[in-house]
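In order of appearance the chains are A, B, C and D, and numbering begins at 1 in each one.
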Amino acid sequence: MAQIATPATGAEKSRKALDRAVIRFAGDSGDGMQLTGEQFTTESAWAGNDLATLPNFPAEIRAPAGTLFGVSSFQLQFGSQRVYTPGDRLDCLVAMNPAALKVHLSDLKTGGLLIVNTQAFDKRNLDKAGYAANPLDDATLAERYRLHKVDMTGLTLEAIKDLPLNTKEKDRTKNFFALGLVSWIYTRPLEPTLDWIKKRFIKNKDIAEANTRVLKAGHAFGETAEIFVEHYAIEAAEMAPGLYRAMTGNRALAWGLLAAAQRSKLPVVYGAYPITPASDILHELAMHKRFRVRTIQAEDEIAAVTAAIGASFGGAIGVTASSGPGIALKGEGIGLAVTAELPLVVLNIQRAGPSTGMPTKTEQADLMQALYGRNSEAPVIVLAPATPGDCFFIAYEAVRLAAKYMVPVIVLSDGFLANGSEPWLIPDPNTLPPIEIQFRTEREGFFPYLRDPATLARPWVRPGTPGLEHRIGGIEKQDVTGNISYDPENHDHMVRTRAEKVRRVAQEIPPTSINGPATGDLLVVGWGGTYGAITAAVEQAQTAGKSVASVHLRHLNPLPPDLGHILREYRKVLVPEINSGQLVRVLRAEYLVDAVGFNRVRGLPLASEEIHEAINQLLGGKA
Amino acid sequence: MAQIATPATGAEKSRKALDRAVIRFAGDSGDGMQLTGEQFTTESAWAGNDLATLPNFPAEIRAPAGTLFGVSSFQLQFGSQRVYTPGDRLDCLVAMNPAALKVHLSDLKTGGLLIVNTQAFDKRNLDKAGYAANPLDDATLAERYRLHKVDMTGLTLEAIKDLPLNTKEKDRTKNFFALGLVSWIYTRPLEPTLDWIKKRFIKNKDIAEANTRVLKAGHAFGETAEIFVEHYAIEAAEMAPGLYRAMTGNRALAWGLLAAAQRSKLPVVYGAYPITPASDILHELAMHKRFRVRTIQAEDEIAAVTAAIGASFGGAIGVTASSGPGIALKGEGIGLAVTAELPLVVLNIQRAGPSTGMPTKTEQADLMQALYGRNSEAPVIVLAPATPGDCFFIAYEAVRLAAKYMVPVIVLSDGFLANGSEPWLIPDPNTLPPIEIQFRTEREGFFPYLRDPATLARPWVRPGTPGLEHRIGGIEKQDVTGNISYDPENHDHMVRTRAEKVRRVAQEIPPTSINGPATGDLLVVGWGGTYGAITAAVEQAQTAGKSVASVHLRHLNPLPPDLGHILREYRKVLVPEINSGQLVRVLRAEYLVDAVGFNRVRGLPLASEEIHEAINQLLGGKA
Amino acid sequence: MSPSEAKEAPKYTKKDFESDQDVRWCPGCGDYAILSAIQKTMPDLGIPKEDIVFISGIGCSSRFPYYMNTYGFHTIHGRAPAIATGLRVARPELKIFVVTGDGDGLSIGGNHMLHVLRRNVNLTILLFNNRIYGLTKGQYSPTSELGKVTKSTPVGSVDRPVNPLSFALGCGATFVARTVDRTIPHMDEMLKRAAAHKGTGFIEILQNCNVYNDLAWNVIYDRESKVQHELRLEHGKPLLFGPPDDRRALIMQGVSPKVVRAKDVPESALWVHDETNVNAAKLIADLFAPDFPIPVGVLAAVEAPVYEDLILEQEQKAISDRGPGDIAKLLTSGDTWKIS
Amino acid sequence: MSPSEAKEAPKYTKKDFESDQDVRWCPGCGDYAILSAIQKTMPDLGIPKEDIVFISGIGCSSRFPYYMNTYGFHTIHGRAPAIATGLRVARPELKIFVVTGDGDGLSIGGNHMLHVLRRNVNLTILLFNNRIYGLTKGQYSPTSELGKVTKSTPVGSVDRPVNPLSFALGCGATFVARTVDRTIPHMDEMLKRAAAHKGTGFIEILQNCNVYNDLAWNVIYDRESKVQHELRLEHGKPLLFGPPDDRRALIMQGVSPKVVRAKDVPESALWVHDETNVNAAKLIADLFAPDFPIPVGVLAAVEAPVYEDLILEQEQKAISDRGPGDIAKLLTSGDTWKIS
């Protein structure tokens, strides 16, 4: 399958070359929009485009059909240049029913392509969507957008009327009609999807046949129907050569842990309690038992984190993950790992809060909790991936640092990274830094809290090691011996030592890479999932001749040692975050720079557009 | 009993006037040092002195006799001027056994008064304390200090040999000998103690008789024995006239809640799970059922906070308290109260951490947790009492603000305030600000999240109110209606609204009072239990002619509106805290002032001495 | 005072208990049946609807309060029993229902369940048992059978399940019953019984999650199988089940329940169900198909002290003995001294 | 593999299991007796001491690991069962003991106790029940009797206590026993039995807190009372107790245990104790003085799948079926495309 995709047929109609496009499939939860989007993504990846995706689905499992809150959508941007985000405004919207139209129309550019499934616009659905009259009858719609009314349902049923399937089953295939049609419009290769159908429905020939026919019908419809006067080609992007795959953040985190398990030759014990959007990591890991990953679906988040700590005490890699309220529950346990000085990896897939909040929506508001959400002084390492694929490297790095420094590491991913995907250049595992585990076995001169001079890490001892029997716990202990101690000076010393140990991790951080001039009017500082939006906005401003640069932090505690110096090289500092201003407070406190925040907390990724505006405003310019 | 204390007899021996003294009683956990100290405190209060105390006992319930970790001590400073702290170095140390001497000697001033119970210095105790030889035989001890070897045990037994008590019972009274002796040395009135003995042992005449005799024996010993050449008088302090009582922080918190219950005419539902040092609040409240305080000893801290939330939903005052790890467990619950917008009071009696840490030792390291220790943006009000007595007003204020703004309030007390006591001018409850509770009953135009324009508080509705049936929860909700909403703009609006509501509390904060010049070289900013130490240090520096002032924050979120302006009036800002630098980070981030921290994390209160040194260092001067 | 004594409740219909919120469960979910059964039963309780509160945790089942036109609080995962306890202590005159699931109530919430049951707080607890985590899209739950294949257990779960009835009885529950989402009238009856109980009324409702665990309870749904296995518990009636032409009897053999042909057992030797015998309830709770019948109905209903009643008694006594609290008096009590 | 198979254990004495830490319990505390009993029994287990781990939560009882010269982890309040589960899954060859208290294990830790018991993780759990919170200086615990006067309940507690044995059985425990801190030999025996059990071995140890709840168990301490009430459970032996001259028998009357004069009962009608009958265990667990005897010994010991065994089986199968994981292979598996 590894090959340059061949353009699909149908070259007779005029084909316009575009350098990027943003399209969204929207319909009922039951309409299979996520699948449609994912397949379109694979096709575009095949076509050699760079891309970024944004799935968006309701919290309800299966919201009643036709309702506004039941609408599910999948957006992606693909292009022949670097694509950083799923895009802000839409070039093309596919609306499978009135509710989808109502919810998403406002995001479509004027003059944008609007494709609707006419048969879904019946009285019942219009009522459910709260339309008094059928919007398709409203002339203004056709004026503002390039509206295409297609009876997808009808054409679908027609294409497979002879197949031995019931109407429900037949109707369910109409998303492939939409996929086929849009694939034609944007000249996507159908191979990957045809391929997928074959594999997926190997056991059900009829369904396979139906989906295949309907997909082709949709494609043919675009090619032949009079209504589509033109379609588009997007050249392959200039991307680093190599083998690629589509990668989502949650899978990348899971695979990063697998890589760490293999490299360290240690089992991973993964304690987790299901919660959106972290659950998929558990699901993924549970499929890879061959890597000696042992998943414990615990009774709650406290058991999940403490089970992981027990495993670390035993000499395995203890990992736990959660989101939102589930992370709040782990604070006490993390504190134990801090004072017991055991390795622990905590994956936080941030979601919109507070409390239960909006479980399926993204947010970046757990940074302060990661830094301070425990009783007393309990410093930990905090890392944050910048893209879905980066989650792989961050998870691996988290294990490496936790084991090397004997300290918990909190990884701050988010719902957007977790479910979003990108074409990912597959790394060679051998190029990953080694994870050297040296369990102490030497009795001579052993003490539980004897420290490595370079890292200040205490020795990691596997129970079962003769002669090194010892006891540790959550009460303050004397340095070196580890015996319980209430000595005032020792406590002060231990508080400073635990902090210094984390500070030492700064020696692991590579020089901060600056995207733009090394000095100038404005530096945009970001972290986590906003990487794409910020980069796109900054490059847009740079193209417009603005003296702007950006840095994106993957290490949030400790901060990169060169950051303070870098910040002072710019007249102004802007910090866009999907929270009320957390990193910006850290930077102000740490470096006394008058950094200002750009904050929108909507449960959605930031749009590069709005960041670009913020940049211009700060520079007193116009967009 | 309310009267000016009359000086005790024994005026023949030369009596030196002092303006203050710092003394410490130290002995085995079983030696009754806490009781001795408390009685001496009452006597000193009677004598009209100002004072501050510092009890210090082991975490173990009853550590084995004679061991170092089993030593228990009680320190107080009393004086004829304002006394801010229990004092740093000791003028007088009473050591009931070798372990006590070993642990505490280093705190005694050279030339200080050292009184030891000789009979306790036997082989067994010396071994347990790790003394190779008897330190009392070491001449240097008598050279460095004014050493008085007293066979307290022997004299005690002698004084009551005729009483029908067994030796164990008799031996147990020897702490009263020490008390009597030291009372004579510092001219304390015996009445309060004699009085106390009568009441306490009403049912056991022999014990009463024994303690009385031994107390007097100790007093007489000082008066007659040749060895004590002089003793001291400390004049009554210049204190505001009125009725006083000794008050500890935990009791003050409990009574503040009682005052709030009475004033608001609402029951208090207090959910708590026992933990040191917060438990005593539960014990105190459980004794005052007449105030309609309903205590729930919950199964854990999560149940404790959520039970309190359930009570608030029901229209009662929901309160919970804990310490250390117990507070870490409440984060999720507090987040629910934030989004449900219900009143909730959380008392955090801070203790040394991280994790279990040192349960009986004090610390101030939970400030950041109070501000940020929850998932996502979950702002709450944070208050901190400055002295034991101030806990009464802070607890009352916490209830008032929680109910007025429909938001959780976290109160940051600590182990030092909780157990320490001060002579407290009893307030007139009628002078407390009113707590006006208006439950919504009007159906017309009711919405669960309709807001008061001044406070942004939503209406508080008691279930049982006809016509106002409604549902609330932890999922994001539409403003006004309170219906579940995943609308992006609404979420952003709600995040800002919850933050703004807390910000509005600034309108409740009185102008910050400055102790010292309104502008100058240095401002010392403190919060919580360090008030005394900071004030003493600052006044010492002022007396030395330094241009130094201090402000002490009782409101930590929101901060006083005038603080930013005040900070800029001084060349430097010093922030002493018993943590690694938390308030200092908040001030730097908020106001971009180059505040520096003074941080010692030893599980002990800061010494005014060391703060004074820090002041001098910062001002480049000498002490 | 019980709410009903408090005021005369108006005559309600089911409609009065339907809220204006759209119901957001999957089409075909067993929760719909339970919802309508409860809305239908409410009027019969004779309680003013403003005195009724539904408290829930998190889960599909826990969405329940939004759909009841009473007071409601959709709280956090697993904590509903604790929140309800606080509410009940604050407002003992309210009628409080707790709605929870097998995950909410027995996984993360297991500890609160234990303690609310032993305290015997006056609440009605409805545990919707679908043997799956529905809201999080289908992981196995503490009631899922061993070897269950789910998203999180692709080759089968490795945890032995807990039996909610046995667990509740082991915690000292005073009222324990079981009913099924597909037998509306029985649900009504159980609901009334539980609501009338003084103390914690615990009901396990077997519920179908047609999306992630369809027909998990088919052994009691399927008409034929139901006839074979359903054991309707009725106080004072012998433990008989099975088709009319082949009735089975449950009897005690030594200290173990045993199934025999009914006609082989003399009247006198039959096991007569006694709700007040917790010992018997514990034996019955463990029974299930195929080897044993599936008990449905009230397993145990016993009298015991009620937590908040004792709290209020203590409060009343303190007040009647020494009068209501007076902070001014308290402040000046004990050791004080004047400085003039 | 069990540790003993692993290596030949050296011959130990009690001393080998005494750590160098000073024991910090109150003089006279029942914990001392338990500590020395356990240190004394350890050599008989024939397990190399480096393969033994003691995990505890927080409480006086939970200080235990510091005093054992083995591996030990004094963790946080209530979480020891979860931590031990993680450790066991990581290192199934270790012999793990969990030491907990009535507060640590049944109040804050109740949920983890439920789930470790139902999962049947191979651990030995020692619950020191002194019916009080010792370390926090004397508040009532979940096992304290109703009406208990303590620091936090000056006029008496209002919570009905939970019975640890009934609770454990309700959770599906596979091994449940009770012993007493003052009967060293019996403690040894129970300890060995529990340690040998495949799965979770749960022992309630009645323990005296002489400072805050002295003689709470006097009914079984007091010589006379002990003779009257102690019921020593022995597999295959009838349930007889009481003084030789006035033996009592426990029998089943219908579905309720009943006490009768032994000599009035025919041999055949005696209730013979069967550790494998969980039904019987549940009935016995609820019994206590004065009306009934106090059962001491092994109530139940049954075979059941062990959590971590199944996890490892799945892992082994996956590896033997498809070989050990290879990240390089995984990364390039499935849909990929080359860009040149």
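We take it that contacts are C-beta pairs under 8 Å (C-beta built on N, C-alpha and C of every residue); 3 or more make two chains touch, one makes a residue touch a chain.
In this text the structure is predicted, and so the values were computed from the model without any measurement.
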item	value
From chain D, the most remote chain by mean C-alpha position	A
Contact-richer chain pair [B-D vs A-D]	A-D
Where chain A and chain B are represented by their mean Cα positions, the distance between them in whole Å	47
Separation of mean Cα positions, chain D and chain B [Å, integer]	40
Between chain C and chain D, centroid-to-centroid distance (C-alpha), Å	29
Intercentroid distance (Cα basis), chain D paired with chain A, Å	45
Residue list for chain D, restricted to those that touch at least two other chains	58, 76, 107-108, 110-111, 114-115, 142, 155, 159, 311, 314, 318
For chain A, residues contacting two or more additional chains	69, 289, 299-300, 325, 332, 336, 340, 355-356, 473-475
Complex contacts: residues of chain D adjacent to chain B	22-27, 58, 60, 76-78, 107-108, 110, 133-137, 139-140, 142, 151-155, 157, 159, 211-212
Contacting residues of chain A [partner chain B, same complex]	58-59, 69, 324-325, 327-329, 331-332, 335-336, 338-340, 350, 352-358, 360-361, 363, 365-366, 368-369, 371-378, 473-476, 486, 488-489, 491-492, 495-496, 498-499, 579-580, 585-586, 588-589, 592, 594, 600-604
Interface residues, chain D side, partner chain C - complex	106-111, 114-115, 118-120, 142, 146, 155-156, 158-163, 166-172, 252, 254-257, 271, 274, 277-280, 282-283, 286, 304-305, 307, 310-311, 314, 317-318
Residue numbers on chain B that touch chain D, as the complex places them	60-65, 67, 69, 273-276, 279, 282-283, 286-287, 289, 295, 297, 299-301, 325, 355-356
Contacting residues of chain B [partner chain C, same complex]	1-5, 42, 45-46, 48, 192, 236, 239-246, 255, 258-259, 261-262, 267, 269, 271, 288-292, 294, 296, 298-300, 302-303, 306-311, 313-316, 318, 332-333, 336, 340, 426-430, 462-475, 483-484
